[in-house]
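Order as written gives the chain letters A, B and C; numbering starts at 1 within each chain.
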Amino acid sequence: MNAMTSTDAPALDISGLRKSFGKAEIIRGIDLSIGKGERHAVIGPNGAGKSTLFNLITARFAPTSGTVKLHGKDLAGLQPFQINRMGLSRSFQITNIFPAMSVFENVRCALLWSHGYKYSFWNMVGRSRDLTEGADRILEQINLTSRRDLPAGVLSYAEQRALEIGITIAGGADVIMLDEPTAGMSHSETDYIMDLIRTVTVGKTLIMVEHDMGVVFGLADRISVLVYGEIIATGKPEEVRGDARVQEAYLGAALEAEH
Amino acid sequence: MELILVNVIDGLVTGLLLFMLSAGLTLIFSMMGVLNFAHASFYMLGAYFAYQISLALGFWMGLLLAPLIVGVLGAGVERYGLRRVHQYGHVPELIFTFGLALLIEELVQFIWGKNQMPYDIPDILNFTAFSIAGNSIPAYKIFMIFISVAIFIGLLYILTRTRVGMIIQAALSYPRTVEALGHNVPLIFMGVFGVGTALAGVAGVIAGPVLGTFPGMAFVLGSIVFVTIVIGGLGSLWGALVASLLIGWLTTFAKSYNIEMSNILNGIGIVTPSNLEDNIFRDLWTVTSPQIADILPYILMVLILIFRPAGLFGKRHT
Amino acid sequence: MSDLKHTDIEDGTEQITTDPTDAREKMRAGSMTYTLMPWIVGAVLLVIMPFIFTSNSALTIMNQMWITVVFALSYNMLLGQGGMLSFGHAVYAGVGGFAAMHIMNASDFFASFPLPVLPLFAGLFGMGLALIVGSFSTRNAGTVFAMISLGVGELIAACSVIIVAFFGGEEGISGDRTYAMPFFGNEFLQQIDVYYLTSFWVLLSAVLMYLWSRTPVGRMANAVRDNPERAEFLGYSARWVRFYSFVASGFFAGIAGGLFAINYEILTEENLNTASSGVILLVTFLGGVGFFFGPIIGAVVFTLVQTVLSLQTELWAFYAGVLFLATVMFFPGGLAGLIMMHVPAFKTGRAGTLVMPYIKTLLPAAVGVLAVSALVEMTFHVRHAATGDYDMTLFWTTFNSHSLLPWIIAIAVAVLAFWITRRNMPELRAAWATANTAREGTV
């Protein structure tokens, strides 16, 4: 738990969050506070409501009740771009990049707003050294320099996921949310992406949704376990792993899957 | 009072005619997510085919055969055109149907020329059904209402009461699942496209003698049909019905009552400027309702899209 | 801070004087001159064209071509760059043109400035209308945007017969460009003067539109087109990005309208209606929406085809429709896409191997198409010529369209030509494959 000592409001503060789709209540009252600089993982079996929680935080869905606060400010009713400007950036579970644009262009687009260009039509992006250098620096970080000028759509799956992470961190947001960044990856690819996440999120608040506890074990400062729309345990990885209810939830899910 | 009744009947005829087009268009839209710009062109083809057939076999064979031919053509367009363009995305699909509309108009001119065809009401229906306060109501109008309502009921029955209808409805929402259940979804899509265009064909057959059979007929009605389904809410069959009738009555009443804009403006307390000739708004003051009857649907659509973007019956999903 | 640095290198020379040891920097300096080349070539072409084609009718055609270029480029700002399909783009050009016409007729005001400034006013009027319409139409792209554009287009076109004061009703409004303040003594009486005025604006507009595509908002237009949701999570409102593109597009469409007003000195309902909007969609798509220069090619080719074909046959619109539909179905990248397909082969120097296979397939295919069009023309003649008029002239031969022989010849030629095309097709495919696999090997 590094940097938890800062006296300001927590990076993300969720209280009493509920969400129903029709009669089905998917998120059943979540309270969670994530400090600045913390690396927090939300894990849970399939269908636990992880992605729904994620979409509630980033205002893709409106909550039925409860609040989500980013740096102490309520996010209710804000548009995605407004939330992004407040310093929260997210990735998507399904790869969500600009496939027709070059890899470099993808990253550069992600830099534009944070570099203060807004909707300007009197600047040439190609002429701006800081944009070009900034984008190239990020490409180096995500090891895609050799793919710089290829259309993003032709990259391999793992490379596209890396690019997605690059786009997510490029804008310099201090709260990074990653939705199952290793979904559908092989073991070695997973290790590669997790290393990448570790290096690019240094000094930032990271909230990550994962299916598999093992993946986030070495990375997360704290882990929350989400089962049927409720957080059944939050704590340090070792604590969570030893928790009886967590064991039950995961083993139960595994048994169900066998039938 | 009697005049109102006459207008109600006239508006109903127009509205139901619109509905026959908008129903097919809506079905196709909810199925493929693309607006078939050429839909009214199939309506035109219906009228022309029926005319050609009626020369040899009479009106009734035209009514029977023309929609069938149009439906087969429509299914062919889906199978060999749209399905190919589908891979490029929705915008090319829309552009494709737009191009098709242009081409069909040119094709019709190529075959039948630019003049109106002498396609007339059959003699057997060419009499006055009844009259209301001196206004005679032709039997053909009653016939049109009858056909439209019959088709609407038939459609409703097929969609809600038969197995085929169930499969179609399911395929609209969950194409993958329905395919996994062993149904040939591409075939269903092709069938729905064929039926939708055949409906437009029927509308063409019965509207041709009244509204005229000429190369511009698709264009005249085409954009109104789009407006209709946008107002009703894209993909909503009930919305299409309500919007069709609404537009039918709106335009009919606007045409038959000569309301001047100056009356309305005076009515809400704005005084007519004394030197109207020099006023830049003079055209606005002298506008009458028959003049703007044809653009009322567009005004309505723009208003709807501003204040209720999903349309009257549309689901809000954006 | 970063903004300061940014404006420092705005003049372009900075690129070359920066650290020459940086390889990438040098490469970009090189690409800078490389991207300037097409513009210089274009400018030179614009200047010398009237010396090659000197007749007045050629000037008229070229003027029409250049105006269409501006119009199509402005349309592609929506369709190609922003992913917005508009069925009512003509109204922005039209309203700009009508406004220009009214300025021409406001003699005192018109006499106070030179004619070459007029398109700017027209552009501002087009932009003004786009501001109003864009405020509600850019909320969505896709089908809803297309429908609003159609509705607004129809509405304004229909207004032209109602609001007679502005649109002049059925006969439209006309004016006289020569009432403007003389521009260095020039009153634009000659067609050639108008040509250079048009050329100037075409070049300026094209450069500006190209530069627009390189600005932050221009780049984000592409991002929003490809993936609006992702763009929103990068801090940009998809709606505002669309709105800015829409307004800019309206401005350049207005300029095209202003140039039209100067050229023809009359505007009617035809400049506004859906048919005109459809034509510009056709032109742009034919040229190719995926590349900046696509609409330019489209405008040039379409204007030529229209001019040449409409002199030869009554059925030119039919052929244009077939061409358009074939483009949508088989070459969605348009002419520009076809050209760019060959870039890899050129880069590896293998393009030469394609020439013979192309001749072997495209030549018979062209003959086949001509034979089919002959059949179409003959059918048309048989159906629509005045009774008793059996003689028709086609490909410089006069014959009886009701006799069997020409039909047999046309059918035979068509069948033979397509058979040869088909037979030589595998050769072309093989050549294509080798020309392009060579590239895979070297990269």
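The working rule: a residue touches a chain if its C-beta (ideal position, glycine included) is under 8 Å from a C-beta of that chain, and two chains touch if they have at least 3 such contacts.
What you see is a predicted model; the values in this text were computed from it and never measured.
Engineer: So with touch defined the way it is at the top, what topology do the chains form here? Options are line, ring, star, complete, other.
Structural biologist: Contact pattern: an open line, chains touching in sequence.
Engineer: Please flag the chain sitting at the greatest distance from subunit A, going by CA centroids.
Structural biologist: Following the centroid criterion, the farthest chain would be B.
Engineer: Measuring centre to centre with CA averages, how many angstrom lie between subunit B and subunit C?
Structural biologist: Distance between chain centres: 32 Å.
Engineer: Please work out the Cα centroid separation of subunit A and subunit C, and write it as a whole number of Å.
Structural biologist: 43
Engineer: Could you put a whole-Å number on the gap between the CA centroids of subunit A and subunit B?
Structural biologist: 48
Engineer: Mind pulling the subunit B residues that touch 2 or more other chains?
Structural biologist: In subunit B, no residue touches two or more other chains.
Engineer: In their shared complex, at which residues does subunit C touch subunit B?
Structural biologist: Going through subunit C, the ones touching subunit B are 79, 83, 85, 87, 136-137, 139-140, 142-144, 146-148, 150-152, 154-155, 158-159, 162-166, 274, 278, 281-282, 285, 315, 317-318, 321-322, 324-325, 328-329, 332, 376, 379-380, 383-384.
Engineer: Spell out the residues on subunit B that touch subunit C in their complex, using ranges where they run on.
Structural biologist: Touch residues, subunit B against subunit C: 33-35, 81, 84-85, 88, 90-92, 94-96, 98-100, 102-103, 106-107, 109-111, 113, 219, 223, 226-227, 230, 234, 280, 282-284, 287, 291-292, 294-295, 298-299, 301-302, 305-306, 309, 318.
Engineer: In the complex formed with subunit A, which residues of subunit C make contact?
Structural biologist: 2-3, 5-6, 9-10, 12, 15, 28, 211-212, 214-220, 222-223, 226-227, 229-238, 240-241, 244, 248
Engineer: Enumerate the contact residues on subunit A facing subunit C in the complex.
Structural biologist: 58, 79-81, 84-85, 89-90, 92, 96-101, 105, 108-110, 112-130, 167, 171
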